[in-house]
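Worksheet for the structure shown next.
Letters A, B and C name the chains as they come in the text, with residue numbers starting at 1 for each one.
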Amino acid sequence: MTTAITILFFGVAYGMILYLISVGLSVTMGLMGFVNLAHGVFAMLGGYVTVTLMNRLGVPFLPSLAAGCVLVAALGFVLERTLYRHLYGRSELDQVLFSFGLILVSVAIVRIAWGPLAQPIQLPDYLKGQVTILHLTLPAYRVALVGFATAVISGLWFVFDRTLFGARIRAAVDNRAMAQSIGINTSRLFAGTFGLGTGLAALGGGLGADVLAISPTYPLDYIVYFLIVVAVGGLGDIRGPFVAALAIGLADTACHYVVPQAGSIFIFAFVFIVLIWRPNGIMRRR
Amino acid sequence: MTGTATLETRVLNCSFEANRVITDVNFTLRPGERRALIGPNGAGKTTFLNLLTGRLRPSSGNILLNGEDVTELGEARRIRLGIGRTFQITSLFPKMSVRENVFLAVAECDGIAGNIFRSVLSHRAQLERMDELVHRVGLSDVADVQAQLLPYGRQRLLEIAIALALRPKILLLDEPAAGIPTAESHVILDIIATVPKEIAVLLIDHDMDLVFRFAQQISVLVQGSIFLEGSPAEIAADARVREVYLGDSKHGRPAAA
Amino acid sequence: MATVSASPIVRSLTSSVIVRVLKLLPWVAVAALPLALPGYEPLATQVFVMILFALSLDLLVGYAGIVTLGHAGLFGMGAYTASILSVHGITDPIVTALCGMMLAAVTGLAFGVAMLRTKGLTLLMLTMASAFLLYEIANKATGLTGGEDGLQGVSFTPLLGLFAFDFRGRTAFFYSLAALFLVFTFVQVLINSPFGWSLRGIRENDARMAAIGCPIMRRRIIIYVIASALAGLAGALQAQTTQFVALHSLSFELSGNILIMLILGGSGRLYGAFVGVPSFMLAQDQLAKQDPANWFLGLGLILIAMVMLAPGGIIGIAERIVHAIKARRRP
């Protein structure tokens, strides 16, 4: 019984990390129609900044996370303004090649700066060990992760549903030409959304440093998972990827527990089956 | 009415989300008939065409081809059964030449498009048919020019050539003269005149000169249902049609909404 | 009665005897490499294998318009099939190569039927997922595949019973060159067939192809199976000529690399593979030796620059230069 709870909990934690990283990709893809394979780069950089501040400079966990988030969001904003915006109308192949090039460049820079090995994480003392909640003993780090992620996700959904910024994004995703004709400055919206998306990815990367290991090959190792979340959850949506990410987090964790010899095989097979059944993602388009 | 009905719709309905776009349309197109479908913008003419070709699924009702129900058949199947169309918004193969554009259609129609081991050059019959069609629509002088480089009016002609290449039994023309000045629309008429007499032609257009010179019968579509059907003279004389669509001008500027 | 006039396309497709002979010359020249540059046979062999691989990808990316980041999955299928067969006693090179092709084709069929009904991001992601799936299976089935260490003890009997695969690599050289020649000839035939033309139509305007009655799904599956078979052949050749196979043959990195090699040369132009692959492999050979990070950095920058400034690859640049020269010549 406790194994089931543990799997559930670990799966949810993993799913939330996947969601935090992938939601930005879903929104920017739905908004700009740009196939950005390099999205994992921003999560990776968030992880590196967070871990470096924490381990090398002794900065506390939350400020390190925040710093990673802000710095990467700023970088994302700059990249969108300088590079990405020139490629919006281009063919899928060109976008794939560009983002692949970006991956290679960042992998190289990171490798030169931090070396080829995965970053060891030293969790702050208050996150080590276990906590007991409702007779369940769970690792403190994962508990904090779930709690913090829930808060961020709630905030994100609030921004999306209740603020003008969120409304503008939803309008532009639905119908870009129409949004422009009612006066929405789409190019500023794109930049802002891209910054938000990459900032969230950095948050996910830093928060999930113990879940998805921070190494120079991070963008290549994990991009397929982020794409799966987006494709299964539906482009331009923020609720669909949440369901998809949780489903994948739970399924992957469960599979690794129950059938460790199979590894991630079931996840990929599972994704194929889901997408054959629902090629546009699991959420029905409103 | 004499002869077997070739293309028929029965109580055809189509809805998008909550909007009924096509309502209870009963429509018949007989062999060799020259019929025009007119109506104000947004009446559903292109939607109706898409239902006929299979690009859209109706919410209810039936479409029959020579008495056989084809409602469930997809677009490719219906094309093989002889329903051909042109597009309101030119849809060509932009980087391929005029000849290549037409050849693709000829190849599909003649069933050789799946051949892997024989070169295009060895298919003499298809190449001849391709050249004949290019000549028929008057594009022989630009036969090797990329479709995207052609002036708009000639692109519309290529559209028609592609549709004719499919040897349609029924030809659906969606605003073939769109964007072409009225003075030049006779070119379209001339090409339609070369279409064999036994082929039924349904024309959608806003150019009333073209419509009235072409049509034997006219159907008026308003807000998704057939408002009136009759000969050009009957339609022109009907005050309701004039009010809804023709406006005051004989040249068919739609009445200001 | 209309006559079939010789349009430029038609003229370019027609091969006079002289042109045919001229086109064979580069092949003859390359075949003489062992005389001119002995010792380079192993490198040349790997270049031939990669060109074959890139040609199979060009059919998808350059002609059918199917962008895939999982083509290494089919390559690896061929490589592992040939290797596993050899370890279990079936060691004839041609038999195992054909088996590799067939298994890759079947794999391509299975995945293709599932994937090709989707498009855009979903399709791209599924192509990646298909290769990752195969990678994971190979990774975990260590008894069969050797897992992370790769498969040891892979060897093959002499080709046609006469030519042994030796250390000098002569047999491997001519074997892979012959295979490349045959595949290239086949691909040319395919491109110039009605089927090949219909692929271009599907790439340029699939809605219009549907509107002229083209069975798009069927055509795409057929080309995907063909491309998979050829990728499998390339993989089998690599296993046979290096007597080794490892997980790298199924990796995302390889899928990315082969795409880059093709694009570098120029996709959709058939000769792009011949230009891009040697350039990439030569550059990689020189630069990656010092520091892999520098190689990634350089390659990434080149990719970005290429997309932003010179789409069409090296051949695209060459075409534009030729065009500019011609334009200047005109009075």
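Keep in mind that, in the parts below, a residue touches a chain if its C-beta (ideal position, glycine included) is under 8 Å from a C-beta of that chain, and two chains touch if they have at least 3 such contacts.
Note that this is a predicted model, so its numbers are computed, not measured.
Chemist: Report the chain whose CA-based centre is farthest from the CA-based centre of chain C.
Modeler: B
Chemist: If you average all the Cα positions, which chain's own average lands nearest?
Modeler: C
Chemist: If you average the CA atoms of chain A and of chain B, how many Å lie between those two points?
Modeler: Chain A and chain B have C-alpha centres separated by 48 Å.
Chemist: How many angstrom between the C-alpha centroids of chain C and chain B?
Modeler: Measuring from centre to centre gives 42 Å for this pair.
Chemist: On a C-alpha centroid basis, what's the spacing between chain A and chain C, in Å?
Modeler: That pair's centroid distance is 33 Å.
Chemist: Help me check something: in the complex, which residues belonging to chain B touch chain C?
Modeler: Listed in rising order, the residues of chain B that touch chain C are 53, 55, 75-76, 79-80, 85, 87, 91-97, 99-100, 103-105, 107-109, 112-121, 123-124, 126-128, 131-132, 135, 143-144, 162, 165-166.
Chemist: Within the complex, which stretch of chain C touches chain A?
Modeler: It comes out as residues 61, 67, 69, 114-115, 117-118, 120-122, 124-126, 128-130, 132-133, 136-137, 139-140, 252-253, 256, 259-260, 263, 267, 292-297, 299-304, 306-308, 311.
Chemist: Spell out the part of chain C that touches chain B in their complex, as residue ranges.
Modeler: 1-5, 7-10, 13-14, 189-190, 192-198, 200-201, 204-205, 207-215, 219, 222
Chemist: Across the complex, what residues on chain A touch chain C?
Modeler: The contact residues of chain A facing chain C are 29, 35, 83, 86-87, 90, 92-94, 96-98, 100-109, 111-112, 220, 223-224, 227-228, 230-231, 235, 261-265, 268-269, 271-272, 275-276, 279-280.
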